[in-house]
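Chains here go by letter, A, B and C, matching the order in which they are written, and residues are numbered from 1 within each.
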Amino acid sequence: MAEIQIKNVAKNFGGYQALHDIDLTISDQEFMVLLGASGCGKTTLLRIVAGLETATTGEVWINGRRVDHLPPKERGIAMVFQNYAVFPHLTVFENIGFGLRMQKMPNDEVKRRVERCASLMHIEQLLKRYSGELSGGQRQRVAVARALAMEPDVILMDEPLSNLDALLRLEMRAELKGVLADSKTTAIYVTHDQVEAMSLADRISVMHQGRIVQAASPIEVYRNPAAEFVAGFIGNPPMNFLRAEAAGAGKWSVAGQTVDGPAASGPLQYAIRPEDLRLSDQGLPARVKLVEPLGAHLQVTCDVDGTAIRAVLDSDLTLKPGDAIHLAPQPDRVRWFDPNTTKAVQ
Amino acid sequence: MNARLLPYLLILPVTLFLCVFFLYPFILVAQQAFSNGGEASLQNFRDVIGYWKFPISLRNTFLLAIIVVPIQLALSLLMATMVSKMKKGRDLVLYVWTIPLGISDLAAGIIWLAIFEQSGFLNSMLAGVGAVDAPVNFLSYQNTFIVFLAIMLAEIWRATAIMLVIIVAGIGLIPKEYYEAAEVFGASPWKRFVKITLPLLRPSLQTALILRVVLAFEVFAVVAALGGTLFPVLMGEIYSYQFDLQNGGNAAALALIVLGISLAFTLIILRALRVPKGATI
Amino acid sequence: MTAVTDTRKAGRWLYVASVGLLCAWVIIPLYFLLINTLSSPETVNSFPKPFIPEFDLGSLQFFAGFQGMLVALKNSVVVAVLTMIISISIGAPAGYALSRFDFRGKEVFRLLILLTRAFPLPLLALPLAVLFIRTGLDDTAVGLALVHTTLAIPFAVLITFSLFSGIPIELEEAAWTLGCTRFTAFTKVVLPLILPGIAASAIFAFVISWNEVFAAAVLTIENRTLPAFLLQTLAESPMHLKFAGGFILVVPALIFIFAVRKYLFAMWGIANR
C-alpha cells in the first residue's frame, strides 16, 4: 500500500522557478508518467519525490507518512537513472544486491533475491560480470533489477529508456510494463517520449513550464486535452487549430462554414485531430500544399482559411499540391479551446 | 547534515590552513620588512637596495628569466605540437619529456655540475676530440658567461616540462573539429597553429607562463649548485641575509621585492593573455 | 611527384630526428649523473671521465657513511609522508566540495587556490621560522611538513577536484536511494573508484615536499632534510658525495612521473577550464 501525495510543491533554483505549486496524488500500484519537453520540471519533481532535491515549499507524503525532510534511504523508494548508474567497481551480482547489503540482509537471502530479480530481467548469466563488459541494454536491466531487489513501495524512473536504441527501447518498454505490473509497486516514470508515455501509463501528467497541465488516463489526455498545450503536444502530428467566430447562440463560423459548438462568447479555437478528418464533398474547404505518403497512410498538409492544417488520409488516395478539396471532421471528435485562458471549453 | 552548510564545512580545513600558513606569514613578512627596531620605517628597503650586490642580483635574475622563459615557451609549444601528431610511442615520449618535472632544482643543478665541473663530462668530451689539452675550469670567475650558460641550460632542462604538461593538456581540450574545419578552408599547418591553437590555448598559456615566471624569479638551488657566489640572484641574497648576515628585516624586505616583481608579472601576463568573455572553448 | 615525396620524406626524418634529439636532451644529463653515481670516488674525481658506468658502489657507500646523511634521508621521507597525509586529508574534502556543490563564494575560493600558485611560497618560510620557534615547531618534521603542505595544497585540491568530477554524481545518488547516507555512499562507491587517483595526487604531494630546498634550509637546523643537507654542504662536500646525493634525490622523481603520468594532463586540463 503506497500512495504518493505531492502537496503544493514548488522549487526555485536561485531565481528560476522550476516548479509552481504542484499538487498530485498517485494511488497505490498506479503507473504514473510525467510527460513533457526538456526543461518542463518533470525530472525536478521526480528528484524531489526521491529526496535528491529539496522542494522550496510544499510537502511529499508516501504511504501516509510525510517524507520531504527525510533522506532518500528512509523513503521506501528505489530509483532507475537515465545513465543507469551501475557501479563500475562491483559485479552485476553486487550491484543488484547493493541495497540489500546496506540493510545487512543475510547472505542467503541476498542471493535468493538477487537471483530472482536477475531472472526477472533475464540477466542471470551476467551476474559475475562488471559494468564495463555490459551493453547499454544490459546495464539498463541491471539498474532495473537493482531497484526491484529493494522491493520498494515506490519505484522512480528517470527517462530509463532514452539512452537505448529504438528497437531495444520497444523491447524494454514491453518488459518493464510486465515486470512492474507483477511487482505491484507504485511507479513514477519520467519521459519526453509521448508514445512511451501512452503505452506504459495508467495515468499521464503532462507538464509544461513547471506546472501540471493535465493529469489523466492516456486516452483521456489524447481525446480530451484539457488545454491547448496538451492538444498541441500529444499526438503525431498534433491537433489542428482553426479560429472560430461566434455566429449566434451555440453556432460558430469556422473557415466560412457554420458549425454547432459550445454556448460561449468571444472567438474560440476549433480543434480536430488529423486522423479525424476525412476527404469529402463538403466540410472545410482546403487547398493541398504538401503530400507525404507514409505507407500506412497519407499525411496531407492543406491551407484552410490561411491556416496550415494536417490530415491523415487513406494511402490509396491520389492527391497533389494545388488540389482543392474538402475535409470533413468527425463531429464528436471536435474540441474547443478558449484562446484567452487556453483551456478547453465544453 | 545540512546540504547548504556541507560545502563550507568541506572547504573549511583548507581555508583555515591557508590563513595560518599563507596569509598570516605573508602579513608577518610585510610587518618585518616595514619595521626597524620596532618602528615603522623603510630602512630595510633602503639597506637592501643600497647594497652593492642588489643591482647585480636583480640584473642576473631578470636576465635569466628573460632568456630562459621565452626559450622554454617556444620549446614546449614545439614539443606539444610534435606530440599531438604522434601516433606510435606518444606515451613513452611524453614520459621521457616530463621526467624533469619531478626533479628538484637542486638535483638539476647537481646534474649539470657533473657536466660543467672541471673534471666533468664536457671537459672529458672536449679532451676526447682534442679541443683542449688540459681541463678548463668553466665554473670560475674568469668564465662568468659559461656559468650563466650552465645555469640557463640547467633551468631550461629542468623546468620546460611543467609548461609542456600544461600546454599538452590545453591542446587536448581543443576540439579536433576546429582543425578539420580550418583544413577544409585551406589553412596551412602554420596558419592552423597561429589561428586556432594559440588563441584557444590562451588560458593554458596564462597558467604556464605565470607559474614559470614566478618560479624563474625564485631561482636559487640551481644557481647555488652551479655558480655558488659567482652569479648572485635575488633568492640567494635572501638566503644569505637570513643565514650569513642574520638580518631578518633585510631578508623580509628583499622577499617582498621578489613578491612584488612576481605579482607585477602575473598581472601583466593575465592582462596580455586575457580571454574575452564568451570566447572560451 | 618525386620532389613532393622527397620533401615529405625529409620532413618525416626531421621530425623523427628532433623527437629523438629532445629525448636525448632529457636523458643524457641523467645518464651522466648515473655514471658518476655508479663510479668509485676516485673515478668521479679523475679526468677524463669514462662514458660508461663502472658499476662501483663506492660513491653510494661513501654517501651512506657520511655523517648525518642517512638521518637527512630519513627526515626527508618523514616530512614528505607527513606533507602527503596532511595535504590530501585537507585538500580532498575541498576538491569534493568544488566538484559536487554550487555554493556562494565557490569561484572566489577556486581563484584563491589558483592564486597561491602564483606566490613565491618558500619566502613565507622566513616569518614562520620565528613563529615556529615560539610554538616549539622549529626544526621539527611537522613544522616543515606544514610549510610544504602550503606548496602541495593547490595541487591536492585541483587534482582531487578533477578526480571527483570524473565520477558521475548519479552513482552517488543511486547509492543514496539504495540505503546509503552521504558518508556511506562516499566510502562504498566514490572512494573505491577514486583510490588510484588519490594515490597519484598523494605521490605528487610527496615529491613536492621531497624536492623543496629553500623552506627546508630555513626551517631546519639539526633535522635537515636531504636537499637542505646537500645545499648546506655544497661548498665543502666532495664531488662524489654531491652526485650520489643528487642521484638519491632523482630516483623517486623518475618513479613518481611514471606513476602519475595518467593524471598529470587531466589535472591541468581541468584546472584551466
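We take it that contacts are C-beta pairs under 8 Å (C-beta built on N, C-alpha and C of every residue); 3 or more make two chains touch, one makes a residue touch a chain.
Everything quoted here is computed from the prediction, not taken from an experiment.
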Report summary line: In the contact graph of chains, the distance from subunit A to subunit C in steps is 1
Requested in this report: Mind having a look at which chain is the central one, using mean CA positions?
Outcome: C
Report summary line: Of all chains, the one whose CA centroid lies most distant from that of subunit B is A
Query raised in the report: Which whole number of Å gives the spacing of the CA centres of subunit A and subunit C?
Result: 54
Query - Centroid spacing, where centroids are CA-atom means, of subunit B and subunit C in whole angstrom - result: 16
Query raised in the report: How many Å are there between the centre of subunit A and the centre of subunit B, using C-alpha atoms for each centre?
Result: 59
Report summary line: Residue numbers in subunit C touching two or more further chains are 182
Report task. Give me the residues of subunit B that touch two or more other chains. Result -> 3
Report summary line: Residue positions on subunit B within touch of subunit C in the complex are 1, 3-4, 6-8, 10-11, 13-15, 17-18, 21-22, 24-26, 28-29, 32, 79, 82, 85-86, 91, 93-107, 110-115, 117-121, 123-124, 127-128, 135, 157, 165-166, 168-170, 172-173, 203-204, 206-207, 210-211, 214, 217-218, 220-221, 224-225, 228, 235, 238-239, 242-243, 248, 251-252, 255, 258-259, 262-263, 266, 280
Query raised in the report: Contact residues on subunit C for subunit A in the complex?
Result: 168, 170-171, 173-182, 184, 188-189, 192-193
Query raised in the report: For subunit C, which residues count as touching subunit B in their complex?
Result: 15, 18-19, 22-23, 25-27, 29-30, 32-33, 36, 44-49, 51, 89-91, 93-94, 96-98, 100-101, 103, 106, 109, 112-113, 116-128, 130-131, 146-147, 149-150, 153, 157, 182, 207, 210-214, 217-218, 227, 230-231, 234-235, 239, 242-243, 245-246, 249-250, 252-254, 256-258, 261, 264-269, 271-273
Report summary line: Contacts from subunit A onto subunit C in the complex sit at residues 50-52, 71-73, 77-79, 81-83, 85, 87-89, 98-99, 102-103, 143, 146, 150, 156
